[in-house]
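Each remark here refers to the structure printed beneath this line.
Going in written order, the chains are labelled A, B, C and D, and every chain counts its residues from 1.
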Amino acid sequence: MISGARQGSPAGLRRLFAAAMARDLRAFVVPGAEVARARGLDVEAAGLGMTGVPRHASVLLVVGELPAALRRAAAVVYAQMMRPRAVLAAGAGDLSPLPGADVSVGLSQEELEEGVARLRTAFARGAFAPGAAGFEPEMLRARTEYACPMHPEVVQDEPGACPKCGMELVSREAADGGSGPHHGGDHGGANGDHGHGGHGHGGMGFMSMVEMTKDLPRSSDGLPMEWVEAPFGPLFPGLPGGLFLKLTLDGDTVAEASPSACGWASPGPLTGPADALAERLAGIDPLSPASYRVLALRAVEDAAGAGADERTARARAGALERERAASHLGWLSGFAYLIGHRWLARRAAELQLAVLRAEPAGMPGLRAAARSLARRIERTPLLARRLEGIGALPGGTGASGPVARAAGVRTDARCGEGAYRALGFEPVVREGGDALARLRVRLAEIEESLGLAAAAGSLDIPAPRTATGASGAGAATVETPRGTATLRVALSDGEVVSAELEGPSARHLALVGRVAEQRELADALVGVASLDLSPWETAR
Amino acid sequence: MSALGQYALLLALAAGTAGLALSVYGIARSLGGARREPGKDVPATAGELSREPVWARYHVRYYGYALLFLAFDMEMAYMYPWAVVYRQEGLVALLDMGVFLAILFLGLLYGWSQGALKRQ
Amino acid sequence: MSAQALFTGFFGVAAVWFGVVVFRTSSMVRSALALLFSQAAIGAMFLAMQAEFLGVLQVMMMATEMSIMAIFMVMYMMDPGGLGEMEMTHQKRASIAAGALAALAAAGVAALTDWGPAAAAPPAAEQTERLGAEMLGRSMLIFETAGVTILTAMIAATAVAIERRRRR
Amino acid sequence: MSALAVLAALLAGAYLVAVLEGWSATGRLRPAGPAVSAAALLGRESVVPRRPDRVLFEAAPLLLLVSAVLAAAVLPLSPRLVVADLATGALFVNAALAYVMVALLMAGWGPDAAYAMVAGWRFLGQLLGYSMPIVMAIAAIAMRAESLRNTEVVASQAALPNALYQPVGFAVFFLAAMCLAFLPPFDLPTAPGELAGGVEAEYAGARLAVMRLGRMVLVVALSAAVTVFYLGGWLGPALPPWAWSAIKTLAVAAAMLLAGRYVPRLREAQVLAWWWKLGIPLALLNIFWVGVVLLVAE
């Protein structure tokens, strides 16, 4: 039996349907497809269909450990999935409030495939069961509150009379986070106001539209409209998982955008033995673990006064460039999914997985594949028109990485590094500052990075134990796939006593409003996605 | 078959198709109903529970097109009878419809010039 | 013949019923769609009366036109979802009286007029042809006048609805 | 009897189109895929969202399916194989398919959900774009055939199929048909990445199965319409007439489904602007072209 079985005895027609369901499993991936790919998992190759619609999914695939906020979001998605449903956990630890995983596997393709096979068996046998358990965690229950229809500010948990007008309070379900229609400044929703209109003004017979619309927010074309808040995250299929994005919609235009990220708990991974700092920091961002590993190693070496030799620096550059190419390809796949280019989404994912698994000797071949992909993208009809002018940001907005380089700003932490100078590195800079320019910068960087990784000749990250017993302060900067990350550490006797980490996504998160607001919904989402945010690398 | 027989057949087909769909629902329903659980019937929005209704005044941005469309839709009522007799009537029909469409096209150009053909 | 009358009557009742729903619901979208199906039922009546071109045209045009009406209702009416159960009608008694009176008058005209013997409907294909010949013959001026009327409507609608911000 | 044969062919066509769609979406050709998916959908729960407009929510999948079936019913597979060969068949196709938009509007508004509502109104906008060019293209077809009867439309193409006789009209109609069936790159109302399912997001289980079936029948109906209007329907050497119709229809469906795999989804503002600033003038030009050619030829 699976945890989300349907009530009923598994016989007759049900057995037939269960067999069909076992063959046709569709997974909703938490936190997102991009994390699964970055961890080297090819979900579709493992035989699971993928869907971004909870109602159409039968399997909740959890990849890696989730912070509490994302576990709650996953529980909401799971509750909204149709039975029979199951949880497949790949390398996930604690899942609560989700029910325990029906099948638990490690983070490797072989284990995933074996887990899918087990899940199929479980589905075929246990999709229907006589004693199916309910899923009713406390967080999903609606809280009832009582509000005055006349005074929207009067809301209380108990029934009673309004202290202002004495009217009986009306029960309603409490909103979680206040989504729904609202009129500009005041809240309380259309329902209360309108419900009242029928009683209070009934005698007047006719209400002036001017009177009724005077408090409504004005749209850009001067019409008074109601705005609606809708969540587009944390588990929205077109955006990186973990990005909490709430959009206030004026029709299909984004009036306001308020983003936040799941992030890592501060100071969490920063404190502890300095020699293991690299290990801990690599765990914060599943999308670019190598960058943070190198960042930590360099900062600790700087603090301990032990510089890395040339060979080590070169190998690290190779690892960083391999990760950059893989990360950009992963972004490209997600971005292609968002804009509905299905062939590109699949091809970029294949290349990303190949890059993640490749040895140095395989890099030139992948580079040729990346070049032909880039050429094909340049020739794709309608793509430039789709992206031109979307998410435009001029230079000097505090951005770094590809976002800044796409706006003609020559900023790259790699320029000052000896290992990169030796490899003949030259930063990729494009003009335009819009989603199209960012796409072009990343495409060029994929090719360049694969070339650099091939030239570096080694892709592993040597981690000499330099910090044992060391004291001092140091800092390091690494150009991650998303921009410049800086880490300042102070060591005392081999322990990190204080540390300060600054990643690029925190700065880019502040730009979301500028690329999204007053844009059509699809254009706003393209703008946000083109920033390539990693919700993981900001501190909560 | 007579025209009326054809209409009856189409009506029967519509009813039969709806009946087929309903019997599919019936088969699905025979397996049992949906279990009532908290949060399940809230519209699925990316892992957040949005319980509030969204039926607010919706700002449609293509109303400029919609207004011109209404006029063009009228015009189509004339187009079909005209098209059917076009070969019989010849040049008269071409000129007649040419003038009619030219008048309408003026309307389209006016709307275009006034910015009706864009997102408002 | 009797089956024809039966279906005509059936769709007539359906049209009236949907027409009633238009006013009985407080949801603007439901109201607009009820009007749509009321009009579509009239189209079906035309078909039952063997006016094929007219019927199909009515069914087709009302689908789009009433849906466009729905967008303007959702844009401009308060509470388009009818969540507040707000009373959207006024001057109820007068309108009911006027409606009943008009219905009686129409029924009276229909019942009391001597319509003469019913002519056999021409074959469906011929109807369209005759319509076309009429349009290009005797009624050409009316047809072109309709074009000018539509142009006027287009210009008026654009002028009223589209604000010219570029002028400023 | 012929009506039953046509309906069986329609179902078979819908199945094959579903196989093709699976191929265009995942790149894998699985002949049993749609049957397994359909059975899997029927075995799953199907909830109604809280406080919906229940009537609209339930009616939408049925209306989508019924309108697509009615459109297919007036399109001939061969001179004899047609459910109802209406005198205004070409117009009737259009009338039936207008209700596809009504169905999506209902599906968008019914569940009272943000993604679905944006998607539903989006599709109405899309209709404003494709609807005029589609009727204008059909008018040009009727000019040549001197009839709106679909069998006569096919017969009028004995010398030269309309795809060659009026290529502009063919291109306009083909693209408008893709818009109508909301196939990629015009899949604005379902937009998997942008709206997480859009109008389909709240449908599950049996309701979703009916909706998907309606969509597949719709693609078949539109492919058959392209075949009848532009590719000479059943006309062709050697093979029996119905086989020609079937081959052409499936080829058109495959072309429609595969085109969207290699291009990104269009922006709504662009779809509308292109149809009105380019599509409608081209469709009018096509009518003028056909008119002149017909005058010169006689």
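One rule holds in what follows: a contact is a pair of C-beta atoms (placed from the backbone, for glycine too) under 8 Å apart; a residue touches a chain by one contact, two chains touch by 3 or more.
Heads up on the chains, UniProt names are B = NADH-quinone oxidoreductase subunit; C = NADH-quinone oxidoreductase subunit J.
Just so you know, these numbers come straight off a predicted model, no measurement behind them.
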Query = Looking at CA centres, what chain is most distant from subunit B?
reply = A
Chain pair showing more contacts of the two, A-B and C-D = A-B
Remark   = Taking each chain's mean CA coordinate, subunit A and subunit B are separated, in whole Å, by 37
Ask   = At what distance in angstrom does the C-alpha mean of subunit D lie from that of subunit C?
value = 26
Ask   = Taking each chain's centre as the mean of its CA atoms, how far is subunit B from subunit C in angstrom?
value = 16
Inquiry  = As a quick test, compute the distance in whole Å between the mean CA positions of subunit A and subunit C.
reply    = 50
Key: subunit A, residues touching no fewer than two other chains   = 6, 14, 17, 53, 55, 82-83, 190-191, 221, 223, 225, 228, 230, 236, 251-252, 520
Key: Multi-chain contact sites of subunit D, meaning residues that touch two or more partners   = 42-43, 45-47, 86-88, 91, 109, 112, 114-115, 121, 124, 128, 131, 147-148, 196, 201-202, 205, 268-269
Query = So which stretches of subunit B touch two or more other chains?
reply = 3, 7, 27, 31, 34-35, 40, 42, 44-46, 50-51, 53-61, 66, 68-69, 73, 76, 80, 82-86, 88, 93, 108, 119-120
Request  = Sort the chain contact graph into one of these: line, ring, star, complete or other.
outcome  = complete
Ask   = Tell me, which parts of subunit B touch subunit D in their complex?
value = 1, 3, 6-7, 9-10, 13-14, 17-18, 21-22, 24-25, 27-29, 31, 33-35, 40-46, 50-51, 53-55, 58, 60-62, 65-66, 68-69, 72-73, 76, 79-80, 82-88, 90-91, 93-94, 97-98, 101, 105, 108, 112, 117-119
Note = Listed in rising order, the residues of subunit B that touch subunit A in the complex are 27, 30-32, 34-35, 37-40, 42, 44-61, 119-120
Subunit B-touching residues of subunit D, taken from the complex the two chains share = 3, 7, 42-43, 45-51, 61-62, 65-66, 69-70, 73-74, 83-88, 91, 109, 111-117, 121, 124-125, 128-129, 131-132, 135-136, 139-140, 142-143, 146-148, 196, 201-202, 205-207, 209-210, 213, 268-269, 272-273, 276-277, 280-281, 284, 287-288, 291-292, 294-295, 298
Note = Interface with subunit B, subunit C side, in the complex: residues 3-4, 7, 27, 47-48, 50, 52-53, 57, 61, 64-65, 68, 71-72, 74-83, 123-124, 128-129, 131-133, 135-136, 140, 143-144, 146-148, 150-151, 153-155, 157-159, 161-162, 164, 166
Request  = Report the residues of subunit A in contact with subunit D in the complex, numbered from low to high.
outcome  = 6, 14, 16-18, 20-21, 23-24, 44, 49, 51-53, 55-56, 58, 82-84, 127, 228, 230, 236-238, 249, 251-252, 336-343, 346, 380-383, 385-386, 520-523, 525
